[in-house]
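The structure is given below, and queries will be raised subsequently.
Per-chain numbering from 1; labels A, B, C and D assigned in written order.
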Amino acid sequence: MNKEIKLCMVGAGRVGKNHSRAITRHVPSGKIVALVDPSKEVREVTGKEFGIENQFDNLEQAIDKINFDAVIITTPTPTHQALASQAAENGKHVFLEKPMALNLEECDQIINSTESNGVILQLGFMRRFEPEFVNAAERIKAGEIGNPMVIKSLTHGPGLPPAWARDLKTSNGMLAEVNSHDWDAVRWLMGSNYKRVYAEIANLKGEAFNVSTPDFYDTVLVNMKFESGSLGMFSGVCPCGYGYDARMEIIGDKGIMQIGEMKGQSIVACTNRDQGLISPIYRTWPQRFAWGYIYELEHFIECIQTEKKPRVGGEDGRWAVAGVLAGTRSFREERPVYLKEILD
Amino acid sequence: MNKEIKLCMVGAGRVGKNHSRAITRHVPSGKIVALVDPSKEVREVTGKEFGIENQFDNLEQAIDKINFDAVIITTPTPTHQALASQAAENGKHVFLEKPMALNLEECDQIINSTESNGVILQLGFMRRFEPEFVNAAERIKAGEIGNPMVIKSLTHGPGLPPAWARDLKTSNGMLAEVNSHDWDAVRWLMGSNYKRVYAEIANLKGEAFNVSTPDFYDTVLVNMKFESGSLGMFSGVCPCGYGYDARMEIIGDKGIMQIGEMKGQSIVACTNRDQGLISPIYRTWPQRFAWGYIYELEHFIECIQTEKKPRVGGEDGRWAVAGVLAGTRSFREERPVYLKEILD
Amino acid sequence: MNKEIKLCMVGAGRVGKNHSRAITRHVPSGKIVALVDPSKEVREVTGKEFGIENQFDNLEQAIDKINFDAVIITTPTPTHQALASQAAENGKHVFLEKPMALNLEECDQIINSTESNGVILQLGFMRRFEPEFVNAAERIKAGEIGNPMVIKSLTHGPGLPPAWARDLKTSNGMLAEVNSHDWDAVRWLMGSNYKRVYAEIANLKGEAFNVSTPDFYDTVLVNMKFESGSLGMFSGVCPCGYGYDARMEIIGDKGIMQIGEMKGQSIVACTNRDQGLISPIYRTWPQRFAWGYIYELEHFIECIQTEKKPRVGGEDGRWAVAGVLAGTRSFREERPVYLKEILD
Amino acid sequence: MNKEIKLCMVGAGRVGKNHSRAITRHVPSGKIVALVDPSKEVREVTGKEFGIENQFDNLEQAIDKINFDAVIITTPTPTHQALASQAAENGKHVFLEKPMALNLEECDQIINSTESNGVILQLGFMRRFEPEFVNAAERIKAGEIGNPMVIKSLTHGPGLPPAWARDLKTSNGMLAEVNSHDWDAVRWLMGSNYKRVYAEIANLKGEAFNVSTPDFYDTVLVNMKFESGSLGMFSGVCPCGYGYDARMEIIGDKGIMQIGEMKGQSIVACTNRDQGLISPIYRTWPQRFAWGYIYELEHFIECIQTEKKPRVGGEDGRWAVAGVLAGTRSFREERPVYLKEILD
């Protein structure tokens, strides 16, 4: 069997818990040896649940006290660059949650620090590891539906994001926090970068949720043109009460392919002919991407063990951030925005 | 255009209404010129709804007073033989609802009187005309799934049958009144007659519905062996609160084919992630077999116009009755029953 | 029964045939008494198939020679205004295929001539009559999914449009000829007019189909903001080899609703576990909207019989044309276009 | 974290590999410390794949040489009793694959030796651990569909069973080797024992597969009456080329519930409108019950760690064997067989 990889989990919140569960139960050659979170209360709960005894306020302390191979960064976006660079400079491999960072400068710093220190950088785009997305990508690449003409994607998530994540002063809002997966996945499956982006937003639930953030929006539709000449779009809705919804659809010049469905379990019941048939829906993202979260972490461990480059890295994270910035400029200025305006 | 065919609707109840609607709205070359029902009240309602002015207590009167080409018999099973023979002897073509009759002697009388009078006899097995069943039958016959090994069918219907239809003294009960379609459809799709039949019944809802008929059963499972050596089964449940359900599944040595689904309309909604996705179910048989009822009547009219033999006739009705008799003997005597015991 | 309505079918091509079939077989109180088409060959084929003996080169001749109540106009868009006004001025009710006309002036002329002559004007938006769309609309209006936030629609059709329909000099191209249904349906289901429109187009199959029309596009994505503040989008792909595809999805603040599916028949088969399960897809629009075409024509006949205003009329057709013009200006000028720029 | 449980895998074939994979990758607190198989070649391949260095010809050697807590018995049915009793007598907990044994005497010996030695006995009925079956069972028990009236189940598997497993001299054939899961699952979900059983079999593919075993059958349909008065049925088809298929359907007096589907992955594609929509099917049982195999082994480990009785044990295995014996007698004697004939 392969060498055990020692991990430091940075962030003990929802994503930290999700990844701790995946590693502890399903990735036997990864071992979480340290847990970092500024909140003692939060880290004690997560630490207890997953048997992680070594707990620290910050990454520096963990590096000082404990021997480990890699960090898994699950903290809020504004902290990503500093943590990733700090880890890299101390020779730790980096698994970094999406969105990569707040801007392209931060992305470049992360890329540079990981590259110059010879450590692995993997981004947390779990759709790239969810079996049906993986198989669909292979089939598309093999030409099954021909040259891709249009791609559609969506991410609709149930909970109101935390305050920092919906304020455009401290984050890039829903386009980044919810739709990073769409930015990445459309680019991945189309095999082309977006060239021009147009976004429409709406704030339709803010009042009901007592959200006073001035820039808040809960609904977004993005149109895009790819460098290949093909077209794409995605939607974001958050908070979205009906469940967690992530699906894609691609039309090529030879056919169509749909990936994912809303149905979360293969049970169908009917107890009232006026109501009709009922099936479970995916309720949450850990449920929707159960295998994706396991496989992305398995892949990270395996890349460390075998000194392989991850299938999804810094450039992919940077492109998603560039899309977010273009989309945000588009709805602010009410016009289509070229990526070159952002990238140059 | 083809010659208009004049029809006498015999029976103004649920099935009579259903067929009147199909003809009036969707079979323009058929015209209902007379309506027969012993209940003045019932026939006036149906007559008014479909604009049928000539109404009679019995078929004899209609034959005396009105000129028509054919009868559509939708009355209770015990009346079938007399009405069908009477129509035939007066030169009228016969469309006869299932079950054909109470026993094989009656079936033979119907077959003989229609044949000897040179009139058409079509049985009301609408599954044979519902597009997905028709296409499936063609594909099976063309060998798509290879030699059929097992067939499964079901008919579950919502309402408690009328008293005469659940009493084994006046009818053949659910095996006949509900499952005639299964008896016919398994034989049709397998291309083979059943050779041996075993039936289990249960009375699980009778008490809740205050049914005191001694032989009442609301649940039946039938196993059968075909002359071809293949196997089959079907279930019947009636009354069945969740909707009207009729589906089939056939496994051949090269594959499987499923026909029909419970979903009655392609709408999916979710308003509560704890409840899940909801789709309409088929609520009633007129909704489930909307096209089948139209096409079987179109076919009848066309057979009259072109002097063609209907796709489903007396022999098919007789086989279904034979199956009913074998199944009934099976559950009464708690043993498998050979068709030859019934047919000889 | 209601009075028979005499109809003149104007246009004997694909749509003319489709509507002739619906009326002849399924709308008994409508009778086609005249057929108009400039091509003798085309009108003879269609006339023979549906038993229409009176055939004319143009509408004027039909009006002169034959007594009828209404016209059904199925000819190319550039002819709509002249034909509709001519019919109206002769006291004929008008059923007019989509798109209503080439521009708003023509729409106004049609509206004026029908209104001033007191005849009915119904537009051929059959989605408004297809049962699942009708039921979904009722459920949305009743508040089932709350306030609509986002609507998505699509129309992907199999065949390459005729030359006049893909040339922006003689038509408004795919946005009009294919996506008129989406323009109408999103407005109908959202209960709000679009306020701003952004369109991206692509020509990805033109070369393979030897299309030399300079403005040709086969792929379009439209984003829109409604007056209500909600968002919408639709896609168009034509020619689209995989089938005829028309589906919608609406997210409200209380839930989601999907309307329509690709599966065209409830048969599922599998004969090879490496290939998987196979179900029929809708191949053509007459198959996809079989009931919608019947019900829209039934409705038209009934409106004439009962002097009722149709559920979908001139204003709806005009809004769809306005959307087309805004969308076309958007992709030409590469910017979002406000409807007020078009309507003023 | 809980104490690591040391396991001896008995049998290195297909099932042994499947369980080794589940434990090695997904059940971190279980560790396979020994592998037993009479074939050196087979055990070396499996041992290498899962890093199991200690390999033995037979269980006795493993017990002598290695310290472990439990055995996982995946060898052919005729070996079950001896192996399970030997393990129990040496104080090892027992996870035993289905079918439990060849006859009730062997079942009793296994139950007695595990009970008298105070070790855990768990049967390998993985449907009881597959999430949708578990949830369905809870919902049925909670009364969602009311009193169960009819249950239907099926297991259709792709490969021709090995010679010993299709010969009624050395095994109980398909009813045991393939349909043990159905015998257990119908009893579990109905909450009642079967009282009477009727089975029809057929040999429809034997010739094509050159099977000369005299008793061979590849197709079976079983009908049953439960002690509760309700009815049940299941089918078995093996070899079955179209995939691995395991689904259930239960009708209660308040509704219906379907569990499982043929679709093995949520991808839908269409590249040809004449062929239609294609989705992957479950190809194999490890794919179909991926989570069930993980969870049943997690449960076994947890029962050992916490000294808990497994959710599925010796009595359940014994009832499945009793069903097999009743079914076999039924088709041999061509009559319904009461369980009391078998159990007394």
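Throughout what follows, a contact is a pair of C-beta atoms (placed from the backbone, for glycine too) under 8 Å apart; a residue touches a chain by one contact, two chains touch by 3 or more.
These numbers come from a predicted model, not from an experiment.
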| item | value |
| --- | --- |
| Pair with more cross-chain C-beta pairs in contact, given A-B and A-D | A-D |
| Most remote chain, CA-based centroid, reference being chain A | B |
| Inter-centroid spacing, chain B versus chain A (mean Cα positions, whole Å) | 56 |
| Geometric centre distance via CA averages, chain D-chain A, whole Å | 39 |
| Residue list for chain D, restricted to those that touch at least two other chains | 241-242, 254-256, 262-263, 268, 270-272, 280 |
| Of chain C, residues touching chain B in the complex | 1, 24-26, 28, 51, 131-132, 135-136, 139, 144-146, 254-261, 263, 265-272, 280 |
| Complex contacts: residues of chain B adjacent to chain A | 158, 241-244, 262-264, 268, 270-281, 283 |
| Interfacial residue positions of chain C with respect to chain A in the complex | 147, 149-150, 152, 156, 196, 198, 200-202, 204-205, 208, 218-221, 223-225, 229-233, 235, 237, 240-242, 245, 251, 253-256, 262, 334-336 |
